[in-house]
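Listed below are the structures to be examined.
The two complexes that follow have chain A in common; it is paired with chain B in the first and with chain C in the second.
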Partner chain A sequence: MTIFTMPSLGSDMEEGTLVEWLVAKGDRVSRGDIVAVVETEKGAIEIEIFDEGEIKEFLISPGVTVPVGAPMAEILRSGDEESAVSDASTKELPSRTEPTAPASQTTAWTPPAASSTRPRISPAARRLASQRGIDIATLKGSGPQATIVADDIPVTSVGPETKRGGLDLGDMRKAIAAAMARSKREIPHYYLQHTIDVTEANVWLEETNTGRSPSARLLAAVLYIKAVSNALSKYTEFNGHYVRDEFEASQGIHIGFAVSLRGGGLVAPGIHDTPNLTVDELMEKLKDMVARARRGRLRSSEFSDPTITVSSLGERGVESLFGVIYPPQVALVGFGKVLERPAVIEGEILIRSELTITLSADHRVSDGHRGALFLTEIEKQLQQPSQL
Partner chain B sequence: MTNEMTYREAVRAAIAEAMTKDDRVFLMGEDVGRYGGCYAVSKGLLEQFGPERIIDTPLSESGFTGAGIGAALGGMRPIVELMTVNFSLLALDQILNGAATLRHMSGEQFNVPLVIRMATGAGRQLAAQHSHSLEGWYAHIPGIRVLAPATLEDARGMLWTALQDPDPVLIFENVMLYNRAGKIAEDAGAVDITRAAIRREGSHLSLITYGGSLWKTLGAADELSREGVEAEVIDLRSLRPLDEETFLASVRKTRRAVIVDEGWKSVSLAAEISSRIMENAFWDLDAPVERVCSAEVPIPYPKHLEDAAIPQVPAIVAAARATLGAAP
Partner chain C sequence: MDADDLRIIVCEEILNIAPEAELDGLDPQEDLRDALDLDSMDMLNIITALHERLGVDIPEANAGEFVTLRGAVEFLKSELA
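Right after this comes the complex of A and B.
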């Protein structure tokens, strides 16, 4: 027997509202299956399950809002059907209103439960955080002995009862405001800018796309994501999360890609394990994800575990961008617009395609020297597009 | 129109006014007549009102406090002056077992409209039998009202209101306040005795105090203000019953509280206030409640030790900073 709980879909999520179950009682589920849709301030999100077994009982019904970590369903594991039925421990489920810690097996990354030390937080701050739906594990205290006090709680005004049905862009704006304000308050950003020659990559992309149907064509963004992904395997200090005064490098490389939404707002869902994907697979995933992001139908794991963000504003015609890191990540790589420029190569002036790439990184974790090496590694990767 | 006046003169004016307005009022106590009171509060009143209404008593606190209770039961409105709170312990039996209890024990048949004034507090090098602040002990007792006037207006105005109360009222006058001078409205008179007062508005923390500590606390607030910290200063005025509505509202606003009480810390008025904050405003707090109280020693005679034993501005400022940490 195991309990399926409300997953944490990012450090700023405190609770979620069940919109619908996508499985029925008695259905067999396996790891990665989408079992439910949950409403958060980021929109309706499809929730995956990370267990194998049979849905035994639903513990909450659609419309109910529960905190992260609260039990949602009982799953009967294969092989323990008989014993599980009489398992008395299931009767002692924590009540819905209790702020239970997320069970570690439900999501790939659950920072609040990861550490055994309790954050020092004042009663006033605790109440405010709960009212505003803010995960206190992500906060830094400014009070006596680094205690989190009321002034440290970002203002969001997202009431737990206000999110019902559909993507609320007002709520999303507030969520972005809270995350970005926290980022600029807590993360000592440093910025590096590097203009690189992408003529080879452009030529390769054109040749590859020639003869392909429009839907099968590759976008430059795929090459960027792949180049960042390859560079990260060498520069691991840009890939991970900064939690509780400590950087935790991530084993996997899950690249968040900033997607702007029609009507305003922004999400940066993650593409999992980019090193294992070919550029074509990556393109498929990207297309699917962008489409779902714009419909407000992203999956839980896409929200919870990006380890770095890639932002490409190139199509919108700016040369370079300096991003704000999405906490608890520690880096953001920005790609500008490709411009044709005269360049001096071996004494000759040639027309080349140039691209300005930027790095916003967390100075608590890395220094400019490593950042520069990381950017030049991305440059190197983009010089051999066929190897990506 | 305002008058320049000392706290002592304000108390004297209050007594004189009460005796003029109501012939049931009289004053009795040790040395209140010919000597003019050991703190010279009643100087000149014997000449003005005569020995029947300004009565010198034997050195017997229990005896003349009991006489005051009897007079109150008999329809008079006595003001009993006890020289210091330390000496009032000799009258504690009369106050607790008599004055505070008679209404209850008589099934509401008798009430005791008695006012007892006494001096309290350290700072005059009067040593360990004349310098303590025991008003918190009296604030423990149901059946009496306990007041601590800290300003000229309250020294001038609390007495008349206290005399209108059908039950015993104790008024504590801090010895360091008697010489305090200031301007007071010419027509100053009776004041409310039920509410605490906000003596200074602020948003970063609440300093809760009363009596002689009020001025030190306001001094600490000024010092904090120079550092950019705006403290709200609450003058309790009434120690029993406590106007918790006022100090809780302040703490809910500022989320931090420091209590300044010249009594000893253990089992004190400061402990009571802290406890009420915990009971009623816990979820509004950003820091543990701090207390600045007297050292747990008999108040010493030497000036430097006496000063060190009771709350002073630096200790109040330090406690305030402790609640703030790096904020604001």
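Right after this comes the complex of A and C.
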């Protein structure tokens, strides 16, 4: 038996509210399955499980707020199964193995009242209802199995201004404030800036995208993430977490990518195991992640994973950004706006595409000299875009 | 399909990507990225959606025309003509 607890989705998270269970009692779950949706200051987050087994008991119901680490459900591990064998066989074959078991036995496996009376609702409809401040319990669904769909949500003239897509921007601002204040209080930042030539990368990107259907096209951000990822394999002191007064380099490289939310707010969910993804796979992941970030539906591992953050404010028109490190990470790499500039190459003045890359790093862990080498390695990586 | 139909379709796809976008009173010549706070990912998603919905080929080289509502409508109109 093991207990599934409220996970910590970053050092600034203290509690979470269960929105819904996505599994039922008796369901088998395995590592990585999404089992619940939890509302936090960063929006509604899909919570993954890291155990394998069977859901035995729910310990909290939707709507309940509990602190990080509080028990949420009991999981019967695969190894525990012998003790539960009668339960399991009853569930699957009630009439044969246990003839005396009443048919109602199976009803014991339905979710608790709190969730069984919860209406079925599509994610889009839930978002609209939340935007418009409508209690979904008052709605009737017109979709399959009476699922509430977007069309069922009445249009209201006034809705709560700050509530959007399951995100409370006021709460999110507080979460950002807490994390950034801690960062500036605890982390002695140093900053480096370097101007690099990205003409080759741009040309490669254009050539690659030409002839591809829009859904298969790549964005420059993918090359930036990949270049940072490759450079980190050599410069490991920028990849990891500073915990309990010491730096722990991370075995894996999981790059957090800063996603700004329209109307304010920011999240930097992580792309798991970036080095093992091709640029195409990375693009797919990034697309999916940005879409979910803006809908307010990220996964728990995307918050706990990141070992460094990449921010690309460039397309919004600034030449360079000096980021604030997201604790307990120890570095942030910023990419600025691409500008066409005259450059002197072998005695000739040519028009080249340039951008600035910046590093904010934790001086407790690394020094400017290594930081400079790290930035030049990123530069080097971007000169061979086809190798990324 | 005339320009008005296309304008409605483009607006619908913008709203699918950015549900909170305020399209009333949008200047058709204004850069959508500035007016609606869209980024390159949003623009790519809008172009992908229009390509799939209308079956119109939108080469990378023409993607720049989609940064304004008028540019998008005119490109689609000439391709569908």
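Points worth noting:
Keep in mind that, in the parts below, the second predicted complex is superposed on the first by the 305 of 388 C-alpha atoms of A that agree within 3 Å, B and C clash if a C-alpha of one lies under 4 Å from a C-alpha of the other, contacts with A are read in each partner's own complex, and residues count from 1 in each chain.
One rule holds in what follows: a residue touches a chain if its C-beta (ideal position, glycine included) is under 8 Å from a C-beta of that chain, and two chains touch if they have at least 3 such contacts.
In this text, all values refer to a predicted model and were calculated from it rather than measured experimentally.
By the touch criterion defined above, A:T199 reaches neither chain B nor chain C. More residues of chain A are in touch with C than with the other of chain B and chain C. Using the contact criterion defined above for the overlaid structures, shared-chain residue A:T65 touches neither chain B nor chain C, since it reaches no partner.
Of the two partner chains placed by superposition, only chain B is touched by A:T147; chain C is not. On chain A, the patch touched by chain B and the patch touched by chain C overlap at residues 127.
Chain A meets chain C in the complex at residues 127, 131, 164-165, 206, 209-210, 212-215, 217, 219-221, 260, 262-263, 286-287, 290-291, 315-316.
Chain C makes touch with chain A in their complex at residues 18-21, 33, 36-37, 39-41, 44-45, 47-48, 51-52, 58-61, 63. Within the complex formed with chain A, the chain B residues making contact are 255, 282-287, 322-328. Listed in rising order, the residues of chain A touching chain B in the complex are 122-127, 142-147, 149-151.
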